[in-house]
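Next up: the structures, one after another.
Note that chain A is present in both complexes that follow, paired respectively with chain B and with chain C.
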Partner chain A sequence: MRVIASALAMLAALIVLLGSFLPIPLLIQLRTILLRWGAILAATAALVGFYNLLAVHWRNLRAGGLQVLYSFVLILAALGTFTLTLLLGPQSPVVHTWVLLGIIRPIEASLLGILAITLIYALARLLRRRFDFLTFLFILSTFFFLLASAPMLWGSIPFISDFLAPWIQDIFVTAGTRGLLLGIALGALLTGLRILLAMDRPYGGK
Partner chain B sequence: MDEIICPQCAHSNPIDAVFCERCGALLPPARPATEPLPPTLRPGEEPVKKSTAELEPLLPAWMRESRQVQSEPPPAPKEEKPAPPPDPLASLSASEPEEEIPEWLKELGILSEKPSPSSEELRFEWEEKAEEEEETLLPEGDWLQHLGSIPSESSAGGGAVTSRDVGAEPEAPSVPSPLASETFPEWLQGLSETPSPTGQEGTPDWLKAFDKTPATPAAETPPVAPTGEEGVPDWLKAFAEAPEAPAAETPPVTPTGEESVPDWLKAFAETPAAPAEPTPATPAIITPSGEEDLGALLEMEIPDWLSSISAETTTAETPAEETPALASAELPAWVQAMRPIEAILTGEEKGTEAQEEEREGPLAGLRGVLPAVPTPLPYSRPRTYSIRLNLTPAQQTHVQLLEQLIAEEEQPRPRRAVTPPASPRLLRWLITVLLLIALFVPLFFQTRLTAMPELVPQETWQFIQSFNSLPPSPKILFVLDYEVATSGEIEALTLPALQHLNSTTQANLAFLALNPLDVSMGRRLLDLLHSTQPQMPLPPMLHLGYLPGGISAIPLFATTPAAAISETMRAEWLQSPFQKINTLGDFDRVILVTDNAENARTWIEQTSPWHPHLLIVSSARSTPMLLPYFYAGQVQGLIGNLNAAAAYEQVNGIPALGRAYRDAYSAGLLLALLIGLAGFLWGLLTHRAHSQPQEKEA
Partner chain C sequence: MTLALLSLFIILFVALLLPILSLVQRKSPPRFRLIPAFRALRRAVDLSIEDGKQVHLSLGRGNLLTLQAASGLASLGMWHHLAAQTAVGDRPPLITAGEGGLVILGQDTTRTAYRAALAEELYHPFVARLGGLSPFAYAASTLPLLQEKRISTHIFLGHFGVESLLLGEAAERNQAFFVAASDDLTAQAGLFALAPHPLLGEEIFAAAAYLGAGPSNQASLSAQDALRWMLILALLILPVLKFFGVF
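And then the complex of A and B:
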C-alpha cells in the first residue's frame, strides 16, 4: 500500500512539473485535472476542519465547565453563518452587511487595537524587563523608524525621512529580507525534491 | 559434618583446623554431626546475660587448678588428700612440663601458664563457649554430677578412673544412678542401654583392628619399662600403678565400663593388650584392611604426645586389668568435641551415609561432597570499633568553617525594601485613553494639520506609471487576500488606485477572493469608490467569488482561470468581457491586494511565468517582505503604506482616506514614540536605582 501511494504521488508530481515546463496539450490537460482534484481536496479538508471545530466545542459543551458559554456562542455563530451563507449566498447583502461588516470586522479590528496598545505598553516596560545591548538596539531602531515614518506638521524630517530611513530600508532591510526569502525558497525546493523522490512521504505518515 | 564453618566469615574449613584459613579467627570445636547445634542468637533477639558462677563447680579440675596457679598460692600437699583418684586430664595442668602438653592443646592456649594477650582472648572465648555449652546441658538434669556413679557401678576398686575428676564431686556415691536414661546424652544412652560384651558394635573401625589382635595374658606381659618414667606424664603413671589393684577380682572388661569409656581412651586401654611381639612403632593405630587412607589421616591428626605413648605401649605391656579403670573415664561434651579423631570418624561416616549421592555435574557419583542443607551460621558478636575521630588542627578548622557557613545560610537575610511599581493595569488604561484621544480627535474633527508628502516612493511611482500605460478598456483583475480586521488600512491604500482607474479609463474589473471573507469585499471597495467619486459612474465589474482551494489553486487559476473558478461563476465569466481570457497573462493588469506576505510570495512565485506585470497593494507589515520582489522586477509596482497612499492621492488630486487618516496616523505614531521614550527613561532610572544598592551590598 505504501508503495502504491508513493508511486501515485511521484507520478502526479512529475505530471504537474512537466506540464509546467513542456507545452504539450496532454500534459497540460492532465495537469489541470490533477490541480482541480487538489483544489477539491483542499476544499474538502476545509469542510472537515469546520466539522472538527464543531465537534470539539460540542464535547466541551457536554463536558461542562467554564468554557461552556464560549463553546455555545461559537457553535451558534458558526452554524448561523454557515446556514445563512448556504441559503442566501456569499454575496448577499444580509451576509455582507450584518455578518461581515457588522460583527466580524469590528471584532477583528478591536483585537488589532488591543494588540497595538499591548505593544506600546511592552515597549514602555521593555527596559525594566531586560536591560542589555540587544534591548537597547531594538528600542533605538523602533524609535528611529517611528520617527521617520510619522507624518509631521511640517511634512517630513529632513535627512531622516528623505535619506536615512529609505537608505536603511533599501539596504539593510531588503538585504535581510532577501536572505530570508532565499532560505525559504531553497527549503521549498528541497522539500519538493524529497517528496518527488519519495524520500519524504507526508501522505504515508512519514 | 566434616568441615567447620567460620563464625566470622562463614568460610568452610577442614575439620582439623583451629583457625580460619581466610580470616584467621579461632574456630569453634568440631562436634559430631548428630549433635544438634547450640542455640544461636538470631537477628532481632536480645542477648540474655546468664550467671555462670553457679557453674563454676562444673568446670574441670585442671581448669580450676590452672586458675589457682595464676591467682592463688600453691595448693596444699597432695598427701592430705585421701588417695585422690588418678585424673588423666589433671596431669595436663600447669604442673606438667611444657613439653608434655599436646600440640593441639597448645594451640588452644588453654594450659599455658603465662598466656600472651592474644592467647588470653582466645582462652576467654573458649571458656565462654564452654560455659554456654554447660548452660545448655545443665537443665537436662545436671548429668555431669551423676556421671561418676556410672563407672563406679562397674569398677570394683577405688583406684578406677571415674568422672569424679571432671564433675569435681569426690564424695559422690558409687551407687547406681537413679537418673533417667533420657537425661543422658545420646552417646551415653547408647552405652548404658546396649551393653555389648565385647564392644564390637560401639567400637569404631580403627579400634576393631585392636580387637582382632589376640589378647595377651597378664602373666606374659612384661613389666613396665623403667625407661618410660621421664617421658610418661603423670596421668599415665597412674596406669602404671594400676596393677596393684586386684586384677583377678576385676573382670577383664565390663560391658558398662567399655561402653562408657570414650573410644579414644579405649585405645589406651586396649593397646597394651597388643601382641607381645614387637610391632612397628609409627603406625600407632592399625586400621583395618581397605582403610589405609583413613589410617594415614588419623596418623596425621594424632598429637605427638599421644603417638609417642602409643609407640611405647606397643613395646611395654600393660595388665589387662587396668582397662576397666580407663574404660570408666567420662568426658563432657565440650571435651569430646575437642577430639579430632572422634570427630573425623563419626562425621565422615554418618555424614556420608546421610547425604545423597551427586547425580549430575563433575561431582556425579560422589557422596557427601556438597552439604545437603545449609548450615546456619552461628551468631557472633560483631567487633566494636571506636567512632572517635582523630582530627588534625587543619581539619578542625575546616569543620568550624563549614559549620559557620551552614549557620549563615540558615539565618534569614534582611530583605531589601523595594518600592512597589506602579500598577500595570493603571498604566495600560492610561496608554489606552491617550491612544484613543490621539486617534479619534483627528478623525472626528477631520483635521488637516499634517502636511502631505512631497515625494512619492519609487515603488508607488512605478505603480502609477503602470496604470498610466493601460490600453483602452483594460481588463484588470483584483485578487483580494486580506483579513477583515485590516480592511481599514487596505481600503485606504486601494482606493487611490481605483480612483485612478475610474477617472482615466473605462476599465473592466474582476474581483477574485483568496480568503472566504473577502468575497463581498470587492463590493465594499466599489461602494467606497462611489462615495469618493459620486459623480463618476462605476466601472463594469465581475465578482468571481472565492477561488476553490485557496492558494493551492493558484497554479490552476494561472493556467486556466475559467476552469479554476466555481461553476456558478463560470457562466457569468463566459458572458462577461473576460470570456476571451484563457490564461492569467491575458489580463492587462493583475493587482494583488494582501496583508499576508506568505500568500503574496506564493502568488508571485506561482504566477510569474504567466503574468510578469504584477501590481501589489499591501499593508505596512507585509511591505518589507515584498520589496525585494519589486527590486527584482517580479513586481511592477507597490503601494505599501499610508504615506504612499497619501502620495498617490496627491498625484491623483482626489482626496480620499489617505488624507483623512494621515493626522490620526501621525498622532498615534508620535504618541507611541513618546510613551516608549518615557518608558525607556524610566527603565534607565529604575535600573540605576536598583543597581546601586546591589553594588553597595557586593
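And then the complex of A and C:
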C-alpha cells in the first residue's frame, strides 16, 4: 500500500512539474485535471478537518473540566455557521452581513488590536533579553521608519521622509527582503523535491 | 521557453544531487553552523519527556495546493523524528493546524512515527486537530491550548502571519518554551522581537537536519547550500556579462 501511495504521489508530482514547464498539450491537460482533483481533495480535507474539530470538542464536552463552556460555544457556533452557509449560500445577506461582518470580522479586529500591544511589549522585552548588534539595528530601523512615515502637523519630515527613507527602502530593505525570499524559495524547492523523490513521505510513510 | 528549460535543468540537477549527497554524507556527516533555537528546542523536548509534559507542534495554515505548504511539509519531516521520541512519554504529543490537509498529514506522520517507536497502540487520531480555517480563527482556537500547564514546549513551524505573535506571546506568558518560524516575512519580523531564539529566512527548512532526522535531511541542507552558492555566483557573474554585452 505504501509503495502504491508513494508511486502515485511521485507520478502526480512529476506530471504537474513537467506540465508547468514544458508546452506539451497532453501534459498541460493532465496537469489541469490533476490540479482540479487536488482542489476537490483539499476541500474534502477541510471537511475532514471540520469533523475532527467537532469530534475533539465533543470529547472535551463529555470529559468535563474547565473548557466545557468553550467547547460548547465552539460546537454551537461551528454547526450554526456551517448549516446557515449550506442552506443559504456564502453570499446570502444573513451569512455575509450578520455572521461574517457582524461577528467574525469584529472579533478578528479586536485580536489585531491586541496584536499592536503585543508588538510594543515584545519590543520592550527584546531590549532586556537580547541586546546585541542585530537587536540594536532592528530597533533603530523600527524607530526610523516609524518616524519617516508618521504624520506630522506640517506634513512630513523633510529629507528623512522624502529622500532617506525611500532610498534605504529601495536599496537595503529590498535587497534584504529578496535575499530572505530567495533562501525561502530554495528551501521550498528542496522540500518539494524531497517529496517528489519520496525521501519524505508524510502520506503514510516516513 | 529558455527560462522554463533552465528551471527544469536546475530541478533535475538538484534531484540528482540529493541522492548522491545523501549517500556520501552517510559516511561523513557534514558540519553545520550552530543555530541556538534548535539546540534549545532539543533540550526543551528532552525536558518535556522527563517531566511528563506535552509537546505541541503547530503546522500553520499553508494551503497544500500552494507554495505556502512547503514550510508545513518541512515541519512534518522534523516531526516524524520528534514524535517518535515523544511517543513513549507520559503524555502524547499534540499537533494543531489551520488547514484540513495538514491535519491529515500530521495524523499520518505521527502514526508512522509511533509505529517506528514500536508504540502504535498508543496512537490516537485526536493527536492532530484543526484550529480555525482563517488566521485569527486559528489563533483564537489555539490560544486556550497555550494556557494549559501540561504543555511545556510549543513549536510553531509553518506558514503563519502576524497571528503567530499572539500564539508566541501566550506561550511566553505561560512560561512555556517556544520556538517559532514562518516563511512569511512580516511574521518573521515580529517573531524576531518576540521569540527568545528567533529563526530567520530559510532556517525553518533546516529543522529536520538539525534535530538529527537523518542523513537525507542533511543532504538536502547541503544541496540547498550548493544552490545558494550557485545563485550568488550567477548574481555576480551575469551582470558583468550583461555589461560587456555577452548576451
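One rule holds in what follows: the second predicted complex is superposed on the first by the 184 of 206 C-alpha atoms of A that agree within 3 Å, B and C clash if a C-alpha of one lies under 4 Å from a C-alpha of the other, contacts with A are read in each partner's own complex, and residues count from 1 in each chain.
The rule is short, and it goes like this: a contact is a pair of C-beta atoms (placed from the backbone, for glycine too) under 8 Å apart; a residue touches a chain by one contact, two chains touch by 3 or more.
Note that the structure is predicted; figures quoted are calculated from it, not measured.
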Quick one: classify A:G80 as touching chain B (first), chain C (second), both or neither. neither
Scan A:L111 for contacts with chain B and chain C and give back first, second, both or neither. both
Using the touch definition from the top, say if A:H96 reaches chain B (first), chain C (second), both or neither. first
Between chain B (first) and chain C (second), which, if any, makes contact with A:L47: first, second, both or neither? second
Considering only touches as defined above, state whether A:P158 meets chain B (first), chain C (second), both or neither. neither
If you stack the two complexes on chain A, which partner ends up touching A:L17: first (chain B), second (chain C), both, or neither? second
Touching partner for A:S149 - first (chain B), second (chain C), both, neither: first
Mind working out whether A:A39 is in touch with chain B, chain C, both or neither, as first, second, both or neither? both
In the superposed arrangement, which partner chain does A:I184 touch: chain B (first), chain C (second), both, or neither? both
Intersection of chain A residues contacting chain B with those contacting chain C? 35, 38-39, 42, 46, 104, 108, 111-112, 121, 123, 125-126, 177, 180-181, 184
Over in the complex, which chain A residues touch chain B? Could you list them? 16, 20, 28, 31-32, 35-36, 38-40, 42-43, 46, 90-91, 95-96, 100-101, 104-105, 108-109, 111-112, 116-117, 120-121, 123-128, 131, 139, 142-143, 146-147, 149-156, 162, 169-170, 173-174, 177-178, 180-181, 184-185
Where on chain B does chain A make contact in their complex? 421, 424, 427-428, 431-432, 435, 449-455, 483-488, 516-517, 519-521, 523-524, 543, 545-546, 548-550, 552-553, 555-556, 559-560, 563-564, 601, 605, 609, 624-625, 627-628, 631, 641, 643, 646, 662-663, 665-666, 668-670, 672-673, 675-680, 682-684, 686-687
Which residues, counting only chain A, touch chain C once they are in their complex? 17-18, 21-23, 35, 38-39, 41-42, 44-50, 52-53, 55-56, 59, 67, 70, 74, 104, 107-108, 111-112, 114-115, 118-119, 121-123, 125-126, 129-130, 138, 177, 179-184, 186-197, 199-200, 202-206
Could you please specify the touching residues of chain C with respect to chain A in the complex? 1, 4-5, 7-8, 11, 14-15, 18-19, 22, 63-65, 67, 70-71, 73-74, 76-77, 80, 97, 99-101, 103-105, 108-109, 112, 116, 125-126, 128-131, 133-134, 136-137, 139-141, 144, 162-163, 165-166, 169, 183, 185, 188, 190, 192-194, 196, 200-202, 204-206, 216, 220, 223-224, 227-228, 231
